Structures are given as structure tokens and as C-alpha cells.
Amino acid sequence: MTMTVARPTTTGAPEALTPEPAPVEPAIRTERLNAWYGPTHAVGDVTFEIPGRSVTAIIGPSGCGKSTLLRCLNRMHEITPGARVGGQVFLGSEDIYWQGVDAVEVRGRVGMVFQRPNPFPMMSVYENVAAGPRLRGWERSRAEMDEMVERNLRRAALWDEVKDKLRRSGAALSGGQQQRLCIARALATDPAILLMDEPASALDPIATYKIEELVRELADELTIVIVTHNMQQASRVSARTAFMLAADDGVGRLIEYGKTDELFTTPRDERTEAYITGRFG
Amino acid sequence: MRSGRGDRVFAGGVTGLALIVPLTLAGITFLMVEAAWPSITKYGVGFLTSSTWDPVKEIFGAAAYLYGTLVTTAIAVVLAAPVAVGAAIFLVEYAPKRIAGTLSFLIEVLAYIPSIVYGLWGLFVLVPLFRENVEPSLQSLLGPVPIVGGLFAGAIGGRDLLVGGVILAIMIVPILVAVSREVIAAVPTAQREGMLGIGATKWEMVRGAVLPYARIGIIGAIVLGLARAFGETMAVTLVVGNSSTAITSSLFVPGYTMASAIANQFVEATGQLYFSAIVEIAVLLLIVALVVNTLARLLIRRVSAAPQGFAI
Amino acid sequence: MTAAALAPAWRVRRRRRVADTVMAVLLVVATAIAVGLLVLILGYLLVNGLPALNVAFFTERPKPFGVEGGGVGPAIVGTLIVSALAGVIAIPIGIAAAIFVTELRPGRWGGIVRFAAELIAGLPSIAVGVFVWSFLVRGLLGRYSALAGAVALAVIMVPIVARTTEEVLRLVPGSLREAALALGAPRWRVILRVVLPTARAGVATAAVLAVARAAGETAPLLLTALGNLFFSTDLLRPIAALPLQIYQYASSPYDDWHAKAWGGSLILVAVIAAVSLALRAFAPRGAR
């Protein structure tokens, strides 16, 4: 299947730093993806495609490998000592696990939000957002920086709450605000893909609601993959859902994948049905 | 809770012994200040500012000793900190677990070497090395440079403030490494992941997320090393020269530190005032040690997972 | 999807990569220096110290310069005597302080004792020497003596014993104490018969480690025990000690004595390091 190459139309995107090809039509495709932690086989033979500009959820009981799978999509998995990946992951037309690819660059082009908010406490709110672009050499005039920071804080629905607290430490916010700051931080590098690992599980219901709203809005511009243990959340937020399960051998596999409403109302696999009806997990 | 006779006796005995500790501290402070009193009252602040140390005329000014201590300690910290913190970063962030364990162990062994042995090694290995090679090179290379050149001026004897500083640097490396390692390892993984997640290289992660987070603790480690260097006697006294009380800018001067002055002169301190003056130097060491150590512990406790008991 | 289709896009700017590599190299260099220092020191110690070792070195007393042979016999004996005596003084006090702080729960006084021990631990050893010199040598006892030396070492040892013992005691599970108390045993019995025996290995290790540490100290002994060229067991007279003897040999202008200084150092390091490192396995973390 060929991917069309197109420039993303995020408004006011920072100009390219080097004459590199613009991020291609955001789509992710994995080909027999496997992941290990040392000798432990955590994810087995996952092959699927994620369409662009949509929200795809990955659900499953604890230990099914969903977070591991997510972390393989931006080459974060290999940070853990002893961790290993097999297979291919195509972002657009390119396999990010190909030898010539620099993992650091992959992580710079794919945004990630973690389960517990982790803003940098030694940096201000402003600096947290500016951190990613600064790393990539994006040094601009004061006015342009301010504009970039504001733009991304708005995209993360945080601007109004922090606009007069920009110089305060990133950690001086409430949990929900911290997580939106982390989202803003991830968005600042203008990724075409945003990976979210149970982003609301450490938050209260109101904060969770705000994050879900945000996800739906951002889906117009980005490809979002969200791991969640909350099935209701998956059905509220995503267009497609992937269900994973660890088999008897402990290896997490992709059991079923399809349109969210179909998966939840008429699951094809009996294991999926068992999970969503609460018989386990 | 019933408290029988056995309990009271036991508690009494234990408490009695335990209270010897604060009693000793109080005793040390009080008795030393008392012994130094004649000198304190006679010379006042001049003791700290005058560098005239004349036992015959009974004029005592310890400025030269203070200066020597400051210079050697400063050299020690400047040399040891980058090496030690660098090693600590490597051991925590870069080295594979097993190698990190072995290397840390090797570095720790340095801490078990008694200071007299450092002094010996410094005297017979470092001093000739500096006298024949290092110092002449420094003098010819940097001597002509304005301002900086003054550091390397003068006759080269080998036993001087510079070598004193270097041996102290070597001695404080193990402490600096051990504490820095703890502090760096205590930085939460989530911070590292956050930095890597926005596309940082390993070094950028260390510089942007790890070090700023650990900064206070590392400063605490350095202060701890400073405290150790400050009061060190035997290693320094063998290599620092112990002859000149001139305060010049040159590092090649065979100077004194406060500790080495005590070690060298206590035998001759027969006169009451001379004795008093020597004790006063020790009182100065005491005060600074108390202040600096307390500061170091405060800094380290804030950041690391170090035990909260009788600390390091 | 062939390799050729891969744009050079997925690469990080060269400058960042170079910086990353350069820093990694520098960090390796720093570690190499730190480790290399140890290798250097131990190396010289072995090379220079081994030749000086022979039976006479361990058993004989120093000969005057110009006379061949002699050894550090008195110094070894002296170190053993002074360290043991220091241990006898310091270990009970240190253990008592630890019990006081952890088991007796005395409120504010616990903090005071602990803080005082920390401060004493931070004192320069020469300052401790000056204190005992002033208080005992020039004061109470009136002379340089082994006893004064032992007191000086004891002051240094107490915080070490107290710190390590406290950690060891904290490791004893609270449930053990509660069970013993629930059986009706009085507090003192619980501590002496239950808690301490459980922590026995750790406490013993703490004690030995502290003695080993103190045995290597020179400065406090310089101003108190002074040193002696003869075998002596008189506690009220100056006594030899290995670190002191090394210092005297090292400060002399004679090559033969320098060689003996290396020999003595080798013995000192070998014993202290061997004891400390072997016992480290038994001591809880932080017992250094």
C-alpha cells in the first residue's frame, strides 16, 4: 500500500530547519513487530496499520504489552538496558528501525506523553514547552519564541490557565495542568504523530475529561495512538481500537483490531468479547 | 507501659553512656576555646589578617596558614570535581551495571587508604614528578601569560602549595564520586524519559534533565569534599613545604596549611602563648568544619535518598 | 520499501551527535583517571613496599641511622594496643548512643545525641588531636601517653560505631520487638536479649570497621602518643604506632628509611583495606 506524501497543514508550523522532506502523511504501519526485555518476550508478531489524522486506542489487561508496543513506535523501548526490538515500523514510507536511522531523530519527530505527568521541575512552564525546539536548534527571536510557546499551550488547552504563570516552575501546577503541559511540550516539536501512554490514569475525573476533549480536538491535525486500560475512554475517544492479550506463553499479541464501535458492539474474537464484558482483566 | 527496675537501670546506663557524646562535643568546643583564649584576646582579629608568625617575639598571625589552606582546598576542589562528577555520571548513565559495580568498588578502595600513605606517595612520587616535569612545563608554558603567569612564578622546589592541592584532590575523589553517584541515581527515570521523548541525545538528556535535578546534591557532595580537604593533615604536611609564611600569588611557594602548621609546630609550643596560638588555629579549623559539614548535609539530604540517621 | 527510499532525514544534526560523542569520551576519561589513580597508588605501594618486608621488619625495633636492618615491631604492637584500647572506650559508648537513639525514643535528646555525633564525625582529626593534647597531655595527665592516644582515637571512632550500629538496629524488624514485648518481657530484656543478638553480626562488623579506620589515623596520635622507638606496654608513656613510624621514616632524609616507610605503608594498607573490604559485605549500606 503506498502512502501519499503531503505536507501537514498544522497552522503556523515553524519553518524547517534543514532542507529535509516534510513529515509525510502521518500513518504508522508495523510489520511483524516483536519486543523483548532481555530474555522475556513481551510483544509478539504485531502487524497492523494506523491511519493518519485519527485516534487509535490500544486496550488490554495489564501485562499484555500495550505500553511496550506503544514505546516501540518511537524507539523508546530500546532505552531500557537489555531491551530489544525485531521487525519493522514504518512511519510513512520509512522503516524507523532501519540501520541508518537515528533513534534520537525519531523521538524528536514523534511526540510522547507518559502515564504520570513529568514536566521538568527545574524549568519554567515556558522553558518546558521551548525545550524540544531548542534541542533541535530552533533558536528564534524572543517574539517568535513567545508565539510558539503560546501557540502550543493553546493547542494543549492550557494557555488561559498559565498565561501569567509562564515563569513558574513546570512542577508548580496541578496534576491535570502538568499533563497538559507535557502535551504542549510534546506538540512543540510539531510532530505528526502523538503517542499517549495512559495519559489520564493518574488524574482525577475532571482532568481526565479535559484530556479526552483535547485528544478529540488534536485528532484533526495529528495521528494519535493512545494506550488505555479504560474501555469507556477508548470508546469515547478513538476511531479504531486494537485489543491485545498476553497468551499462555506470556507473549503479548494483537488479538483484534478494527473500528471502535464495531469492536465494542460486535467483537469478532471471543477473547475480545470476554475482556470487554468484564470477564477478566 | 510498666517500667520495672531493670528497665530504669538499663535506660539509665544507656542514657549515661549516650550522653557522653554531646558532652564530649561540648567539652571539645569549650576546652579548646578556653585554651586558645589567651591568644584570642591578645591578637583578636589580627590573628586572621597578619601573617607574621614569630614565636620568639611572641607575635602570632595565622594569615599565611589560612591562605595556604584556602589555596590548597581550592585547587583540590577545582581538580577533583570535574573528574569525580564526570566519573559519577559515567557510572550511573553510561556504564553497564556490572562494569559500573566493579569500577565503583575500585574507586571506593581509594577511600580506605590512610592519609599518611597518600602523603608518602605524594612525597616520593608526585613531588619529584612536579619538580622535574610538571612545574617547569607550567612555568615555561603559562609563565609569560599575564595575570595567570603569576601563579607559576618563582623557584621550583617541588614541595609547594600546588602539590598540596593535587594530593588533596586525589584524596577527595572517592567521596565526591560516591555521593554524586547516589544523588544522580536518585533522579527519577520519568525525567530522563521526558527528555528523551522530545528527542534529546544521551548527553543532552544528562545536561538538560539529570544534572539540573541533581545539582543541589552535587554541590553538597563538593562541599563535603571541601570539608574533608580542609582538615586534612598528614597527606598535605609531607608535600606542602612547611617553610614560608609569605603570601604571594605563586603556587610554587612552599607554604603551610592550618593543619600542617599545627602538626609541625606543636612540639615547640612550650610557651603559654605559643601553645595558645596553636590551639587557636585548631579552633578555627573546628568552626569551619562544623559550619561546612552542616551545610553539606543539608544540601545532600534535600535531594538524595541517603539514610536519615547518623549521616555519612 | 528499500534502503534507497530512506531519506537522510532521520538523522540528527551533526553537531549534536559530535557533542554527544565528545562528552561520552570525556566521561570515560574522567572515570579512567579516577580508577587509574588507585592503580597508580597501589602499584607504587607494592613495588616499593614489598622489598622492605622481611621477618626482621615485623619483629625488630628501629635501628639508628647507619645501622642496617631493624623494623617496625614496636609500631605494630603499639598500633594494636592503642587501637584496642580505643575500641574498649569507644564501642560501648557508640553502641549505647545507637540504642539510645533507636530504642529508647527519648524525643528531643535523641536528635541532640545524633547531631552531636555527626558533628564530631566532621571534625578534622588534627583538631581532635589538639583537643586531647590540650586536655590530657598538657592538662590532666601531664605527658604524652598511649592512653591519650587511645582517647583521641576513641573520639574519632564513636560516631562511626554509632552510625553503623543505628542502621543495623533499624534493620531489625519491629515485629520482632513487638512480639517479645507482647510476651511480657521488659524493655531492657527485649533490647539485650532479642534486638542486639539479632543485629549481632552487623554490630560486630561496625565495631571492627571503626577500629580499622582508627588504626590508620596519624594526626591524632602525633599530638598524643608521640611515638616511641622501643617496645612499650606502659599506657602512661609515649607509644609507637605504625602510621607515626611511617611519618617519621618518611620525613627523614635517609633512603633506607624511606624504603621502610613504604614497607610500613604496605602493611597498613593491606591490613586496613583487607579488613574493611572483607567486612563491607556484612555491613549495611552507608557503613563507611
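Lettered A, B and C in written order, each chain numbered from 1.
Quick note on the criterion: contacts are C-beta pairs under 8 Å (C-beta built on N, C-alpha and C of every residue); 3 or more make two chains touch, one makes a residue touch a chain.
This structure is a prediction, so every number in the text was calculated from the model and none was measured.
Annotation: B-C is the more contact-rich of the chain pairs B-C and A-B, by number of C-beta pairs in contact.
Note: the chain lying farthest from chain B is A, by mean C-alpha position.
Centre-to-centre, using mean CA coordinates, chain A is 53 Å away from chain C. With centres taken as mean Cα positions, chain C sits 17 Å from chain B.
Chain centres here are Cα averages; for chain A and chain B they lie 49 Å apart.
Residue positions 199, 201, 204 of chain B each touch two or more of the other chains.
The set of chain A residues touching two or more other chains comprises 104-106, 108, 135-136.
Listed for chain C are residues 12, 16-17, each touching two or more other chains. Note for the complex: chain B touches chain A at residues 96-97, 188, 190-191, 193-201, 204, 208-209, 212-213, 215. Here chain A touches chain B in the complex through residues 74, 76, 79, 81, 104-109, 111-112, 114, 116, 118-123, 131-132, 135-136, 182, 185-186, 188-189, going by the rule given at the top. The touching residues of chain C, when paired with chain B in their complex, are 12, 16-17, 19-20, 23-24, 26-31, 33-35, 37-38, 40-42, 44-45, 48, 92-93, 96-97, 99-101, 104, 106, 109, 112-128, 130-131, 133-135, 138, 155, 158-159, 162-163, 166-167, 170, 186-189, 191-192, 216-219, 222-223, 243, 246-247, 250-251, 258, 261-262, 265, 268-269, 272-273, 276-277, 285-286, 288.
If you check the complex, the residues on chain B that touch chain C are 1-4, 6-7, 9-11, 13-22, 24-25, 27-28, 31-32, 35, 82-87, 89-91, 94-95, 103, 106-121, 123-125, 170, 173, 177-178, 199, 201-204, 206, 227, 230-234, 238, 259, 262-263, 266, 275, 278-279, 282, 285-286, 289-290, 292-294, 297, 306-307, 309-312. The residues of chain C lying in touch with chain A in their complex are 1, 3, 5-13, 16-17.
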